[in-house]
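Consider the two complexes below, in which chain A is the common component and chain B and chain C are the respective partners.
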Partner chain A sequence: MSRVESRIVRRETHSPRTVAAACVAIVLVVAVAWLAVEGILHLLGMRPLLFSPRAQLTALAAAPSAGTPLLVAVAAIAGVVGVVLVALAVLPGRRPRRVLRGERAVVVADDEMLASALARRASRAAAVSPDAVTVSLGRRTGVVRIAPVSGMRVNRDEVRIAVAEEFDRAHSTGSMRFSILVSPTGKVGS
Partner chain B sequence: MNDTNRVINRLLLAVTGIALLAVAGLAVALIAVPDAGRLWRGIGRSATTAADGVFGVRLWPGTTLSLAALIALAVAALFVILLIVQVVRAGHGATSTVLTLSTPDGSVELDAAVPAALLTEQLKPVPGVAGVAVSAYRVRRTPALKVTVRCRRGASPREVADAVDEAVALLDSALGTTLPVFAQLVGGFRSRLQAATRVDTSTSAARPS
Partner chain C sequence: MTAGRDRFERIALEHLARAVAADELGVGVTDVSATVRDESGALAVRLATPIAVSSLRSLRSAGAGGVQPLAERLTEAGAQVRARLGSLTGLEVARVDLRATGAVISERRVR
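Moving on, here comes the complex of A and B:
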């Protein structure tokens, strides 16, 4: 895979964090613009919008006498938002997509698309209607839920083998473990 | 595949997050540590006098303007502009020209619509494909194609991926050069079965009973 292609794959399988960064940037822009406007108003000798720069500084210096409830609120809110932002910055932010083996093109499939293919295969193997099967995919595990036709047994191992085979056919890298859950109550004529 | 600068996005989040954690830590220290309040007031008083001193230096007589105020405003303006640029730039980077050939008579530019039409024509009849969209982006200054293949419910990923490979190989021979091609398979549960399956082998008719 060329450098361009590996770059494309990395960018397409990981979140760009654009929404979070844009929200933070807008908040910062508003805050900094407010500070600047207060500074300009002060320089022009006009009345401040909320607090003049000097009043901001003295208020900040008097923070210890702000009272415990306010300090607790500040600590809690800043702490929670800070942890969330650092987590967003550090965590990989994988998107639910997988790279498929391709000769010429770089092919990435959404997990939703893969799950739908696996559900079709599972419904064939279990002899139920496609609507009676739901598949959810995680990074390394997948769960296949089947609502059987009442009075019919579903061979789980058969379904597991079929689903794993379909997955291996599509996907080259990484292995998956599938668990097959058959609902205890069947559906009539499903 | 666009111009979004992801490193700056993450840096912005990290720096803001760490600053907020520091604020939270200071607030906790003010509540929990008995001497912290006194220390804070002392630092605050000296900071106030220092600021008064720096901002009190007039640039010329009869003005309120000081060098420190000018610098502070310039830094604020720069900061705001950089942040707005970062927000506005996100998501762009699509290009319409995928190929530029220079011949002795001049240069030829190939629009993205040409490979788009070729790929769409090739992929449309493939079973399981409900729709195709093609766009072009610049990645590391080379144009690359992005093919979004909307699949029908239950479409085999292998078959669709092979069809994409084949279509791209055909495109290569038509263009005479190889462009990086990225294909994304989307769809699935939400796109319902359509005319592609007239004979439904999965219902009771095919079930051993």
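Moving on, here comes the complex of A and C:
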């Protein structure tokens, strides 16, 4: 896979952090610009926009005596914002998509689409209606839930084999382990 | 891979159970009522049906020897219904509960 392709794949399979990055950048730019403007206005001897540098520093020095509720509120908000930003920065932010091996093109498939294909195959293997099967896909494991028809036992190994085969046909990179959960109660005539 | 999928609706199963039970007990299909529900993945059938019995007059003439007790007949009929439903539909029938709601005198009337 060429560098361009792997870059495209990365962009498609990971959630972009542009919004968060842009927000942080805008806040920082505004704050720094305001400080600079206040400094220049003070040097020129003009009236400050909000606070002069001296007033800023005294306000900062007086902050610890602002009263407990305010301090707690500010600390809590700052903490939450900090945790969110660190999480956004550190977590991989994977989207529920995966790369399929194509011959001439880069193929990225939504997990939803893959899951519905697997569900259709599982419903055929288990001889139940397509509505009776739900498939959820994780990155390495998938869960197939089947509500059986009353009086017809579902062969779980058969379903597992069929689902694994269908998954292999998608030529996904990486392997999957499927667990088949058959509901203990069936539905009459479904 | 099969082309399609066959299924028995609940109402079809109930009609079938009624027909089979009526046949086993010698009563009319419309006299029998049936409900089919799920029991841990298998079918459970509940039947409420009258049962055909010989008239007392014919019993007297036949003597007490050849008559099967009613409870025994019900049990047997339940087992028969279960087996026949299973073989007709290919589904697993876990249980058949029979409730006798009355008796139908089955001897031919005097003309």
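Definition applied: the second predicted complex is superposed on the first by the 148 of 190 C-alpha atoms of A that agree within 3 Å, B and C clash if a C-alpha of one lies under 4 Å from a C-alpha of the other, contacts with A are read in each partner's own complex, and residues count from 1 in each chain.
Rule of thumb we're sticking to: contacts are C-beta pairs under 8 Å (C-beta built on N, C-alpha and C of every residue); 3 or more make two chains touch, one makes a residue touch a chain.
Everything numeric in this text was worked out from a predicted model, so none of it was measured.
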Chain A: partner with more touched residues, chain B or chain C: B
Touching partner for A:V86 - first (chain B), second (chain C), both, neither: first
Partner chain(s) touched by A:A105 [first = chain B, second = chain C, both, neither]: first
Touched partner set for A:K187, first chain B, second chain C, both or neither: second
A:V159 touches, of chain B and chain C: first, second, both or neither? neither
First, second, both or neither for A:S150, with chain B first and chain C second: second
First, second, both or neither for A:A122, with chain B first and chain C second: neither
Set of chain A residues, in rising order, touched by both chain B and chain C: 124, 127, 129, 149, 152, 189
Of all residues in chain A, those that touch chain C in their complex: 124, 127, 129, 148-153, 182, 184-190
Parts of chain C lying in touch with chain A, wherever the complex brings them together: 1-2, 5, 7-13, 36-43, 89, 91-93
Residue ranges of chain A in contact with chain B within the complex: 2-5, 7-9, 11-12, 14, 16-18, 20-22, 24-26, 28-29, 32-33, 35-36, 39-40, 42-45, 53-54, 57-58, 60-65, 68, 71-72, 74-76, 78-79, 81-90, 97, 100-110, 112-117, 119-120, 123-124, 127-130, 149, 152, 166, 169-171, 189
Residues of chain B that touch chain A when the two form their complex: 1, 4, 6, 8-14, 16-24, 27-28, 30-31, 36-38, 40-41, 43-45, 47-48, 51-52, 55, 64-65, 69, 72-73, 76-77, 79-80, 83-84, 86-87, 90-91, 139-140, 142, 144, 147, 151, 153-158, 161, 164-165, 168-169, 172, 178, 180-190, 193, 201-204, 206-208
